[in-house]
Structure formats: structure tokens, C-alpha cells
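Mind having a look at this structure? Questions to follow.
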Amino acid sequence: MKALVFIVSRLYRDRSAFLGALIILALVVVALAAPLLVSHPDAAWAMNPQVRLRPPGGEFLFGTDRMGGDIYARVIYGARITLTIAVVAVGVSLLIGVPVGLVAGFYGHWLGEVLMRVSDIFLAVPQIVLAIAIALTLGPSIENVILALSLTYWPWFTRLVYAETQSLKNEVFIEAAMALGVPPWRIIVTHILPNVASPIIVRTSIGMGFTILTAAALGFLGLGAPPPAPEWGRMISESREHLPDAWWYALAPGLAIFLVVMGFNLLGDGLRDILDPRIRRAQHGRG
Amino acid sequence: MPLDERHAGDAAALLRVRGLARHFPIRNALGLRRGSVKALDDVSFDVRPGETLGVVGESGCGKSTLGKTLAGIHRPTAGSVLFEDAEIAPLQGAARRVVARRLQYVHQDPGASLDPRWTIRRSLHEPLIVHSGLSEAEREQRVRGILREVGLPPDRLDSYPHELSGGQQRRVGLARILTLQPRLVVLDEPTSGLDVSVQATVLKLFRSLQRQFNLTYIFISHDLAVVRMMCDRVAVMYLGRIVELGPTDAIFKDPRHPYTRSLLAAIPRIGGPRVTDGFVLEGEPPSPGKLPSGCRFRTRCPNAAPQCAEADPPGRTVAEGRVAACHFA
Amino acid sequence: MAAADILAVRDLAVAFASDAGLAQVLDRVNLTIRRGEVMGLVGESGCGKSTLARAVLGVLPENAARIGGGRVMFDGEDLLRIGPEEMSDRVRGRRITFIPQDPYGSFNPLFSVGDQVMEIMRWKSKRRPEGERGYPRARRAADRAEAIELLRQVQIPEPEAALSKLPHEFSGGQRQRLMIAMALLPQPDLIIADEPTTALDVTIQAQILRLLRKLVKGRGISVLFTTHDMGTAHEICDRITVLYAGQEMETAPVDAFFVRPAHQYTARLLDSLPNPDREIREIGGEIPRLIDPPQGCRFHPRCAAATDICRSQRPDERAVAAGHVVRCHHPHEGARHAA
Amino acid sequence: PSPADAKGRFVFANESEYDTLDPHTVWDVGRVAVRLNLYDGLMRWQNNPPVLEHWLAESHTLSPDGGTYTFKLRKNAKFHDGTPVTAKDVVYSMERILALGKGAASQFKKVIEPGAAKALDAHTVEFKLKVPTQVFLWLTTEIHVVNSALVQKNEKDKDWGQAWLSKNVAGSGAFKLKQFDPAIGFVAERFPAHFKGWGAKYLDEIEFRAVKEVNTRVLGTIKGDFHGAGGYMTTDQLNKMKESGNVNILEEESMRIMLFFLHNQRAPLNDVNVRRAINYAFDYDGFNKNILGGLVQRNPTPVPGNLWGAPKDVGYSYDLDKAKAELAKAAAKIDRPLEIVFLSGFSQSEQAATLMQNGLQKVGIQSKVVGNPWPTVVDKVQKPDTAPDIVVYWISAYYADPHNWIGEMYHSGQWGTFKAASFYKNAKVDELLDKAMKSTVQAERAKHYEEAARIVTNDAAGVWIYNTKWYGPYRKEVKGISFSPIGSAQEMRTAWVE
Amino acid sequence: MPTVAGLVAIVFVVSHIIPSDPAALVAGEAATPEQIAAVRKKLGFDQPMHVQLGAYFWKLMQGDMGNSLFTTRPVWDDLSGRLPATIELTLAAMAVSTLVGVPLGVVAALRRNTWLDHAVRVITVGGLAVASFWLAILLQLLFSMELGWAPLNARLQGFPPPAVTGLLTIDALIAGNLGVLGKALAHLALPTITLAVPGLATLVRFTRAGVLDVLQSGFVQYQRAMGIPWRVIVWKYVLRNALVSTVTQIGLLFGILLAGAVVVETVFDWPGIGNYAFNAIFSSDYNAIVGFTLWAGTVFILVNLLVDLAHSAIDPREARS
């Protein structure tokens, strides 16, 4: 609790991190309140070929798409998809990556070696390439995008947690706990995990942004949520055929991606400054 | 016939260390083993109940390695450690952790041994949770008692380590270990980095706690003045070896090993003439990864003779209760 | 400032701004160094030794430090009135050089020792004409020869080869010798040495202290030597000033300092040194916070002899013997007897 | 200076890559320029409506039992290296097609076996078919004759010269290869000795380039980087080119129909009322007129409207009430979301699928849209178990006979190919289609096909959307373009630049 | 190398469970099920996965990556033919990121908390947040469609100068063909910018942080205390130290760029291996997918070896140990 108050108050002081937090808050609000923000519940899915490719203004705030769908409504509902993908994919990555990193980093024997080798393999190839392969293997759907992103993102957490755990392992207070006879699992859970929490939180925030970008790229390449899902990346991809005349087509979804990713990055940066143990340690000094 | 130190010893010893060694592998860029650092090499000594055994030596000579190996943080490469008449060197895992209760290691900066994210209370409860079946209330009572002993007000229980001063952190660190009521405590450079005035306070605390809890100390330090004041006996280490061991007074008055002599000569003596105007030990210790042949000290030794390059002198009893590892001691 | 003094710090006040407020790190500090003497500046951690040293060098952190007044008279000139460019060009490294505390971190690990030594010679050599930009070959050769000679004097084995080595190929003691050589190369009037032996072992420390003392004495260079180790101060200094919480307490010749301390604080400090012949004596209490320091004499909350005047008024300088000055309302008994 | 500036040089921006030059391993529109310009077949489709003309063959005869075709070759045809085109080259080419098993081979294999082609003399070839069928004659357009001596010289490990022919040409076509890069395209120069001879005006050099991005093709054609551009274009894009004043848009009836295949064997789509309901639920005008801007022609039956054999006055229109009425009549219950598959990467197919979903939604049928790449679709539609409920794509003109469409799509003997993804089975239709194939009289055949098409349409075996109109943007200075639905006007022999 | 082998194994397995049938593709559009089955047998697709994998490794060791099922040519040829395009694009992007990013990072660190620093920060935060495909479209809209300054996409219209290095710009220079050089550069411009933006942002951040870090270090303090001119300290000493971590970052950057290439090459229709990989994936072209991954992995590892070399050029400690 104390930590939370601390974070919030520090965030408030860091203008750009605060902006990031606001953007993300806005995203969450938009996602939750989507039905309240559009004229009727089906607005994001309705198709009226008669009014296709209308420029912004009047009835359609952001214009209409190639099927006559309301881009405004679609962008609003797209927030739900984006948020779901980001939260679930990063969440699953956390659930895989953190324990693996903890175990590999703390025990460090052959099991750790093997686990790290496996994650190295995942890191050796660009995430999007593997994600494309997996998404394609499983077929395009939101669930599969999430799965593809989770399967390819967890090594990032593993790497991070592994490195942090390894250096924490040499910290005096961990050594001291070992010397006190505290069992390893207890050390991992009560000492190491809370102490790697900060970098994990930072990574999570940045990872959200990164995941949203990758998910959008998959959508753009036609591997994301199938139509007519109002997925931002897909909307941008659709727009390409209609450029330059329908210049507005890609504008709103692109800006949405940009803002949201920026929000997560700003927040992540801010949290890094606030939570980074090095910075904190320097602030508190030796005594 | 010289007495073989390996098999003799004090029958009443609390801790009996024989031929203890700890080597660290040196790896090259590919992670392949290239050699090893003999941080601790064939070390033998006894610790009697209730005494304070000082361990001195230059940086990197293996003092901390000795302490950590005894405390089970490092696994010994070779040798035996009898603690309370039980062999603990080969123990591992849970069996070793049981011993931890009675044989504790205090890091150079006990403040650093506190998890920065935990309140003092939580840190103090932890060893009791692990080692005792006490209820929360009983633990709290024990913790408060100990806290009083180390001279900290109980309102500090809800603080975080960074909210305490260095001296206070050390007190908490000690309190944490004392909750387990250990017999033997290894104090690794317990005053380094402290100002003299704080150092005095801390040393005083060690003394009173020793009396109070009937503790036995292994007191590691590079500060000879402190060792002289605190310890009953002193072991002088050089490059992983104990080169001289004996009662403090005897060693300080009449050092037998040339290294001990040089070391003592280098300590400034306040109020007297400048020691540096007199004798100064030349050169620097070689790397523990590349030990010289024969006696390890011969590269800097003022008395080095050809035989020193050939044979590594074993520890010999040179006087009542005194051992030195020098051909000429 | 007497002609015999190379440096005279007068009423120097420095504060540091931090999140918690303004820390009064130096409170109207006075310090004098005579030509050719080694002046020790001792005191506990955080009392402001490094701050004072940095203030003299003019390298206080620009964003945090505020100079609240006073003068730093160096050879008749107030260094606080000299602009940063000129200070860097004309004074620092030329007339006042520096030996850092940490010989490991003070070398750039990526450049050879020779590069770093010659960088100093390039800009700070006595042979360099005012404002010269390039580095003519002739001067370089002469400078190099001089550097090698000095390395030999600080007992670096094979000095020529040493120049092409990287810092990490030297031991800590050797690096500190190199630092000493680098401080001597520009033939300065004053060397500021900030705890130059704390990172070293006793035997190495003894070597370094002896070497440093020999070299500066031979050249008549003054040294401001900060340390928190009384033994070290005893070894190297001619005179000692003790600092407590940003106030200087006492200045005395080295023998008088250890034998007849006049200030309550000095006496208590020396008492707390480990001594096998008697019980441990502590000072009691804690060092005050500098953000909200005690009024008057900053030592008064821990001083047994403190009276009301100590709580309200900072004592003036009071000479108890020749060259022995104390700032205490109730100087120590022993000192008074001796005086 | 733009590459198109040179007189007598024609640059075409193709939508897909020329990743191979081998005429026997592909059978598609994307790489048709290679086959039509660098190679010659025994026969060739010309004009619109397409007519099968003799090409390397001078004439042909069919044995009375309809099982043996004998082709007489022209004597004046020469390969690019000057050697004459002979019967053994034809035999080699036939064997090669069958051996490689790619491109049109799957069709050939249904009618002819390896070793069935014989050179009777230097200029006479005989093909003995497995079964008497006319399909073979239509397929002879794909027997692109390669210079057998040259290819054999470049064979490696008995690969029929595959590696070599993918990058080189051993043909007799009107143009001779000059330069080729699989990632870029090819350049070919006029082959003066081509057997067809040349008119007064002709092109000296042709360049076919892969320019995948439609906007680049549009802008490049306007600017004059290209003389012509391929691929589907929207009304906006066509208009823009027209408005530039530099480009003519040629307009032709084509024979590529788009349809939804409904899985006739799987519940609830095995219920004719459900299938009819689906037919009523698609907004044909919205799609054809609004989304495609009227660039296509409504085609309500499984035969292209501009081909003989297509019935008139049948088919469905967008009518949600009728759809609901049909659903009410249906015996089957729709208790699961239907799967609508489109071809990923093809936005028209995607839009059709979403519009279908939208319509179904309105009549209360739940569905989900899934994109699959073409190979996946081909794989899935082979078996009734894996075939999707609904899938949308095109059936192009591989040859201009109703058999290409209704014959291969709705005869139950055709199950297992991508054209028969509906798994439709109707004994009457099978019988009619068989009769049509046996007959050689077009009027009679037309009657059978019409009747079959009526039944299939009435059974709502699929949802037929449109027949493509072909729009060819060409620079105004380009003349003499000749169009055939099979080949999309990429045969450049008759064209010139003014 | 074990990493590459593991990588190949993973991708091999993943790509081989794609539920579409490449045999169908190979057999042709109108193939019968029997024909497809025959093709499947011929290509070994009927074997268990580990047998296929073993066979693949066996052939790989003989330098054979198999044939692309789609283009029918050896995957090796396909990839090596397209690699120069990717290399040219990635190198260009890397050059832009480095040449712009590093100085920008240094300046931002030196002018910390000034308007310049803030401006740079906005650029970097934005650069990391923008989706490359969207940026590509914006650039195309503005520079190609609106202003007509740069071509919309592709590597070059028409045929390239005779290949020496395979890098069009260099080849054009060698051939002395300035016209082609100009065109090649024009085509290169937009994809390069698109690809460079995130890398540039990353480099700026790292350089800035690195320089700030080094400025704190003891040797900078020491040199300042010794009165060495500030410009000498910064541009000679600090920069080199900051570059040590930046160089690692440049190595990692290559991975980012390679990943970006899949998308950017697709958007700009750049005939490189990223584009090839994308098409291969869409046509379930196993050998091509695995081949690409192998190449990408190997190139990535090679680049990191190069980075290590660069490291020892900057950091002499490495060279001597």
C-alpha cells in the first residue's frame, strides 16, 4: 500500500509518466465504456455499403471504411481487442517467464542452463517472425494472436528475471538469508520475487506497448483477429487499397496505436525512474 | 619431534577445522575452466568455547572465504569441520540449514543483510519462522527482548532498513542472528566502513553481547588495532593460508612469521614516530590464481632463502599454543 | 593571509540542495595551508572533507551545490572569483592538482595509461606556452621523457612499457602510484589528495604514504590530505584540521593534535580509537543531520561539557599554543594544561 | 528518362512475381505473359468470346471413337535458336508436363498417360487418350513446346531441365528472352522469325515487371513508367487513371466468376431451405455496385453469363424477408455458428465474406469469418470432413467451356478438387453433365448445361455473385492490344506503341 | 551454433504443423487426392516429424536447404538472391540510426533537461511508439502520393546495374551509373526511414543514458579535477566509453531491424528475405520458412560476433585478455 502511494505520488510529479498513465487510463475507460460511447451497440460491426468511404465529418466522426462501417465506433471497440490482447499475452508471458527466470537464475545448474538455452533460441530470432509462424499455424484469431505473442514474449521476462535473480543471488541479504538457514523456495518467494518486482513491472508496461505493436503488425499482415473485428492493425491494412483518396481511413486507428503504445512506454519509463533499484539505492545511500 | 598440528588440538574445542580448502574455478571467455583460485588452502585451527579468535590479513587473502565456508555459504573443496563434535563439512541442504542456527555468519555490513523492502520486524521474525515453532506473539516477544539487548528502541520495528543509520542497521543485523541463539558467530569485518566513533560503539556492543549470550566469535578484520583489542587469539592469513596463530598478546609482542612482522610494522602508531620512516614491506601480494612455488610469502619476504622456493613450510608449533608456517620461525 | 600560506580558506559556506531540503554541508570553514606542508583534513564520514577539497578545486557539482560565501585564497588570489574556464585552464591541473580516493575508478579503462598521462602533459605541462592548441612533437617527446622519469620515481617497474599498458593491468597500489605521478607532473604548488589510501591494504598504504611524503617534501609542494583514518593522518601530516559536521573544530601540529587535543570533540574522537590498554570509549549520540543542523557549535548535542553558549553561538578561533587553534567554548583540560 | 520512353518498347506492371519461367510448372494468370509471349502451344485461345485456334499445329484430326488426336505441325515454326519445331519436341513437352506433375498436369493426367504421345513423323504427333474426351483439345493450349535438344542438354539429375528452365527459355514464342530476374521480371526482344509473321507495326522489346503494390501500378501508369498494368483495381483507381488523360481503360467481358461454396453435405447446409436463405441474405448490389463500384456483372448461376450454356432468368436477389421465410421452412436447425472462409490476402474475398456474415446476422444466422491462405484452402476442400461450411473464391477460365465451371464444380465425380468444394450431389445433374461431355454438338451441349445450371441454382448449391469484367489500363499510345479471357490481354504479338 | 540448431528445430516443427498441405500446392491447382498423396510421399511429408527433421539436418550439413516448394528453386538460391536487398536496406537503416542517433544521444545528454533534450525525448518516445506499417503509409501518402518525391515502393524500377556486391547503390557507383544510383537511393529512402525510426530511438536513448552514466564516473571527475578541457573529456574519453554499451545495442538493433524488415519489406514490396519469408509463410513453404529462420538466426549471430569484434576495437581490455 505504502509502495503504491509512493508510486502514484511520484508519478504525479513526473509529467510524462503521468501523461502515460492518463493515456492508459483513458484506454481502459474507453474499452470498458465502449457501448456508451457509440450511437448504437452494433455500430462497430454494422455495414452499409451505400455509405462506404465517407470522409470524416457529420454523421461519421472519423469517416467510414470500405464496408461503410463507422471508423469512430470501430476504433472505440478496437480498444477492447487491443487491451485484451496486451493484458492476456503479457500476463501469460509473465506466468511462464517469471517462474522460469527465477528457477534458472537461482539454481543455475543444468536445469537453469537448459531453460536459458531454450529462451535464447526464442530470442535469437525476431519475435514477429516466430509470432507470424505460430499465428499462421494456428489460424488467425484473437486467441491465437495472444498465444503466439505469449509463446514468443515470455523469454524476455525470463531473461530479465534471470539476470536480476543472478545478481540478487549475490546480494548480501540473500546470502544472509541462506546463512540463516532459510530454505531456497522461501528465499525465492519472499526475498527475490518482491525484489525483482520493480523491473518486472517496468518490463510489463513496456511489454504491453511492444505487444500491442506486434499484435497490430500481425493484424496488419492479416494474421490477427478475423474480420469484421474492429482491429486497429487490420483497419490500417485495409486502408492501403484506398489511398490516397481515403486518407482518413488509417488515421484514427494508427493514432490510436501510437497513443496507446506511447502511453505504456511513457509509463514504463516513468516507473523505471521511480522503481529502478539502482536509482533507489543511490537515493538512500548506505545508511 | 615437531607436533603434527593436524591431529592434535584442544579437546574442548567448539569448532575444529582440519585441512579446510576452498577453490574457485577460473573460467575463460568460453566458460571453460582454466585454473583455480585457491582462496583457502589447507587451513587448520580450533576455536574454544567463549573465546574470540581474530583472523587478519590483507585484502583477498581468504578471510571472508574462510568465514563463509564455515557458515555453509560456500561448500568446502576439501577438509573437515567439526562443530560441537559433529562433522558438518559434507552436509548440504536441509541438514546444513539446521546447523545454521548455531553457527552464524555476520556480513561485513549487517545492514546490507536486511532485505531493503522488509520492515525490521519482518526481518527479525524470519529466522524464528524458519527455525522455531513459536507463535506470532511469542516471536514478537523474543524479538522485542533481543532488540532491547542490542540497544534499539522497539519503535524501530516498523522502519525500513534505509531509515536507520549505519550503526543501527548493524544492531538490527546482530539482533537478527541472536534471535536464533547461536553458539558461534563469524563476524566478517564488522567495523569496516565505520567511523571511529561508531566503531567504538559497535565493538562495545559485541563485547556485551558475548557476555550476555555466551557467544564464541571468529572475528575477521584487517584492522590490527581492533583485533588486538577484541581477540583472545589471532590467526594471520596470507594468500589462503594461516601463516601464524597464537594468543594475541604474544603475537603482537613477538611476531614469529616475517609477514606478521611486516604487517605489524605497517600499522601507524599514534603518538610515536612515523612507522613509514622505518621499515616498509615492499611489493604486493601475488594473485591467488598464480601462487609462487614453495612459501607463498617468499616473493616479498625480507628473509627469503633458496629453500623457501622449494618447500612450502607447514604450520609448526613454535611456542606454547603458537603455530607459525615459516622455515625460520 | 600570510605570505607563508599557499592556501587560505576563509568562512567558506557550502550547501547542497536535495529533495529533502538544503543541507548546510560547510559552515563558515577556515583552513590554512602553509607552503611545503602536508595539511591533514580529518573527520568522520559526511563531515564535508571532500566538499571542501572540491570547493578548492572548483569542481563542486554545478546543479546541486550552492556556495554561501567566503573566500578561497590561493597564492593571493580568490579562486571563487575566477571564472570556470580560467579555473580549469590556468589553475586546475597546473597549480593545484588532485589525487583521487579511488585509483580503480579514476582511470578510464579504455585508454592506455600513457594516453591518460600524456593528456595531462599535453594541457598542463610547464613547457606548454599559454593557449597552445596542438601538441608539437618536440614538446611531446620532452614531456614523455619527464613522465617516464617520474614513473620511475614512483617505482613503477619498466616505466616505458607501463605507458602502453591498460589501467586494469596494474594493481591498486601501482595505480595509486601512477595517480601520484600524474599529480606531480605539472609541478603544482598544491596537491589535493582526497583519502588516497583508503582503498588500499595496510602494507601498501604504508608504501604509498612514505613515497608521497618523500616526493612532496623533496619538491616543496603543499598537500591537502583528507582522511578519516587517524593513523594515516599521523603518518603523513605536518598539521591537522579536524572537521565535524561541516565546521572545523581544531587545527594543530600533528604531535599536539594527538597528544594534547584541545577540542572536546577531538579528545573524544581520539578516545574512541581502539586501545588494548583500556576499555572502549564511545562518543555517544549521533552525527547531526545537515539539513537542520544544531545551532552554535554543531557538536554540542553530544558534548558533555556543553553549556548554553555552545547551543547558541559558534565559538571563535582561539589559539592554545603556537599553530594550535581551537574553536571551542570549553577547550579540553589537557590542552589547557599544556598551553 | 523513363524506361517507357524508348520507342518500340513496352513495359507492363504485373501484380505478381515471375519467379519461374518454366511454362510447364504453372498454370495461372499471374505468369501467363511468359507462356503467351515466349512460348507457343499447339493451340491457342484467341479473342473474346474465346475461340480455340490452331497455333503450332496446323490442323488436327480426331479418331471416330474420340480417343485419338492427331496434330499436324506447321513447317515454318522455329525455336529461338533457329532449330525447327518438330514432333519430338511436342512429345518431349507432353512427357515433361506429365513427369513434373505441376501446372496443368493434374488435368492432363485425367485424360492421358505418359508414353501416350507419339511422333508419327517429323511434323505429326498422335495422342492416345485414356478416355475419349474433348477436354484434351482445350488443354493442348498448355502444351507449350520446348526445344527438347536444348533442354536435354541442360538437364541435371534427370530433372527434366527444371532448374535450368526456371531461369531460361527454350521456346519458339514471338519474343525472345533477354534478361530475367525472379524478383524483378523479364525483358524479351522481338523474335523476327516467329512463324506467325509480323504486321507493319510491332514492339521491339517487352518488359514484364512485378509491381505488387496497386498504387504504384496506378501512379506509374499515369506517369508513363508503365504502358499497362495488371491486377484488380477499384473504380477510384480506374477513374483516376482515366482522368489523367494518358490512359485508356479497355473493358471486356471476362469469365471469372466469384461465388460462395456451400458445404452441401454438412448440416445445416444440407438443407436446401437453409441454402436458399443464405442466397437471399447476401447483398449482391451492395457488393457489386457499391463496394466494387459496378466493375463486375451480376452472375446468378454457375456458368459465366457471357458464355453459352448459361441459363437466363434464374437466381436469387437480396431479400431478407424471403430469407427468413426459407429459414422458417427449413427442417434443419442452425445450432452453431457457420464458418465463412475467405482467402487471406485477397481483400475482395474478405469483403464478400464479411458482407455475407453481416447478411446472415440480419436473418439470425451466426457465423464467424476466417481467413486462410490459398494452400490451406486447397488442402481443406479436398475432403468433406475438413471443407469449410462456406468458402468464397473465384473460378477462372482455364478453358472456355462450361465444363470448366459447372462441369468441374457440380459433378459428384469431381469431389476432391478445389472447384468442387460444395460436395454437391444430384444424380440428374451428373447425368446431364455426362451427356454434355459426350456430345460434340454445341447447341445440344448448351441445352444440357442450361438445364443442369437451373437445377443447381434451384438447389442453391452455392451463392454465385458476379462475373468479372476485365478492365485493362493501357497508355493511350499503346495500340493493338488483343484480349482473350484466357490470357488477359498479355499476348503482345499484335501490339505496338505509337 | 547450438542456438541456431535449436532455432531450426523449433521453426521446423512449428512450420510443419501448419494445417495446410504444401503437397497440394506442389501438385498443382487441380490435382487429385492420389496425386497429392504421391507428392507428399515423394517429399517425405508422410514420415514422422523427427525423421523429417533428421533428414533436414542431414541435408543441411551438406549445404542443401531443400527447394522452395513455391518457387521450386533451391531455398539457398532464393535467399542468397534476396539477401543483398535486405542487407542494403538494413545497413542503410543501421547507418541512419547510428549516424543520427548517436550524436543526438550525446548532445541530449550534454544538454540535459534543456529544450533540446526534451525535443529529443519526444522524438524517441514517439519513434518507439509508432507502428512501422503506419509510419510507412504516412510517408508514402506524403512523399509519394502527395509530393511525388520518392517512389511508392520496390527496390528499383527495371533492371539493376551488373551485380558486384548486390547492393544497388554500391553497384551503381561501381558501374558509374549515376542515374541508377539516384533512383536506387530514391527507392531506398522511405523504407530506410521507416525501418530506422525505432532503431534510432533506441540508440538515442542508450547513448544518452550511457553518456550520462559515464559523465558520473570517477575518471571524468578526475579529469575535470585535473583541468582537462571539457570538450576533450567529452568527445575523446566519454564518447568511447558510452559507445561500448551502444555497440552492443547496435548488435541488438540488427535483430530489431531484421524483424522490422519482415513488415517493412512487405509494405514497401522490397524484394528481400523478409518479404520472401512473409510470402513463404503464406504459402506454407516449409523449406523456405526454415531456411529463412536459419539465415536470420545465423546472420544475427554473425552480427553479434562482429559486434564483439567492434567491442574489442573500442575496448582494448577485451583484445588483451
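Think of it as A, B, C, D and E in the order they're written, each chain with its own count starting at 1.
In this section, contacts are C-beta pairs under 8 Å (C-beta built on N, C-alpha and C of every residue); 3 or more make two chains touch, one makes a residue touch a chain.
Please read these numbers as outputs of a predicted model, since none were measured by experiment.
K.L.:
Count the C-beta contact pairs for C-E and for D-E, then tell me which is higher.
P.N.:
Ranking C-E and D-E by C-beta contacts puts D-E first.
K.L.:
Which chain is most remote from subunit C in terms of Cα centres?
P.N.:
The chain farthest from subunit C, judged by C-alpha centres, is D.
K.L.:
Quick one: subunit C and subunit E, Cα centre-to-centre, how many Å?
P.N.:
Computed from C-alpha means, the inter-chain centre distance equals 54 Å.
K.L.:
Roughly how many whole angstrom separate the Cα centroids of subunit D and subunit E?
P.N.:
Going by mean C-alpha positions, subunit D sits 38 Å from subunit E.
K.L.:
In angstrom, rounded to a whole number, how far apart do the mean CA points of subunit A and subunit E lie?
P.N.:
23
K.L.:
Mind checking the centre-to-centre distance between subunit A and subunit B? Centres are C-alpha means, answer in whole Å.
P.N.:
49
K.L.:
At which residue positions does subunit A touch at least two other chains?
P.N.:
Where subunit A meets two or more other chains at a single residue, that happens at 136, 139, 240, 243-244.
K.L.:
Considering subunit B alone, which of its residues make contact with at least two other chains?
P.N.:
Only 165 qualify.
K.L.:
I need the residues of subunit C touching at least two other chains; which ones are they?
P.N.:
If we look for residues of subunit C contacting two or more partner chains, we find none.
K.L.:
Could you list each pair of chains that touch, in label order?
P.N.:
After working through each pair, the chains in contact turn out to be A-B, A-D, A-E, B-C, C-E, D-E.
K.L.:
Which part of subunit B faces subunit C closely enough to touch in the complex?
P.N.:
Result: residues 58-59, 165, 167, 195-201, 203-204, 207, 222-226, 228-230, 262-263, 265-271, 274-277, 280-282, 284 of subunit B touch subunit C.
K.L.:
For subunit C, which residues count as touching subunit B in their complex?
P.N.:
The contact residues of subunit C facing subunit B are 44-45, 171, 173-174, 201-207, 209-210, 213, 228, 230-232, 234-236, 255, 258-259, 268-270, 272-276, 280-284, 286.
K.L.:
Under the definition above, what is the set of subunit A residues touching subunit E in their complex?
P.N.:
These residues of subunit A touch subunit E: 16, 117-118, 120-122, 124-130, 132-134, 136-137, 139, 209, 213, 216-217, 220-221, 233, 236-237, 239-240, 243-244, 247, 250, 253-254, 257-259, 261-262, 265-266, 269.
K.L.:
Which residues of subunit A touch subunit B in the complex?
P.N.:
Subunit A residues touching subunit B: 171-173, 175-183, 186, 190-191, 194-195, 280-281, 284-287.
K.L.:
In the complex of these two chains, what residues of subunit C are touching subunit E?
P.N.:
Residues of subunit C touching subunit E: 54, 57, 59, 87-89, 91-94, 97-98, 100, 102, 104-112, 119-120, 123-124, 166, 168-169, 182, 192.
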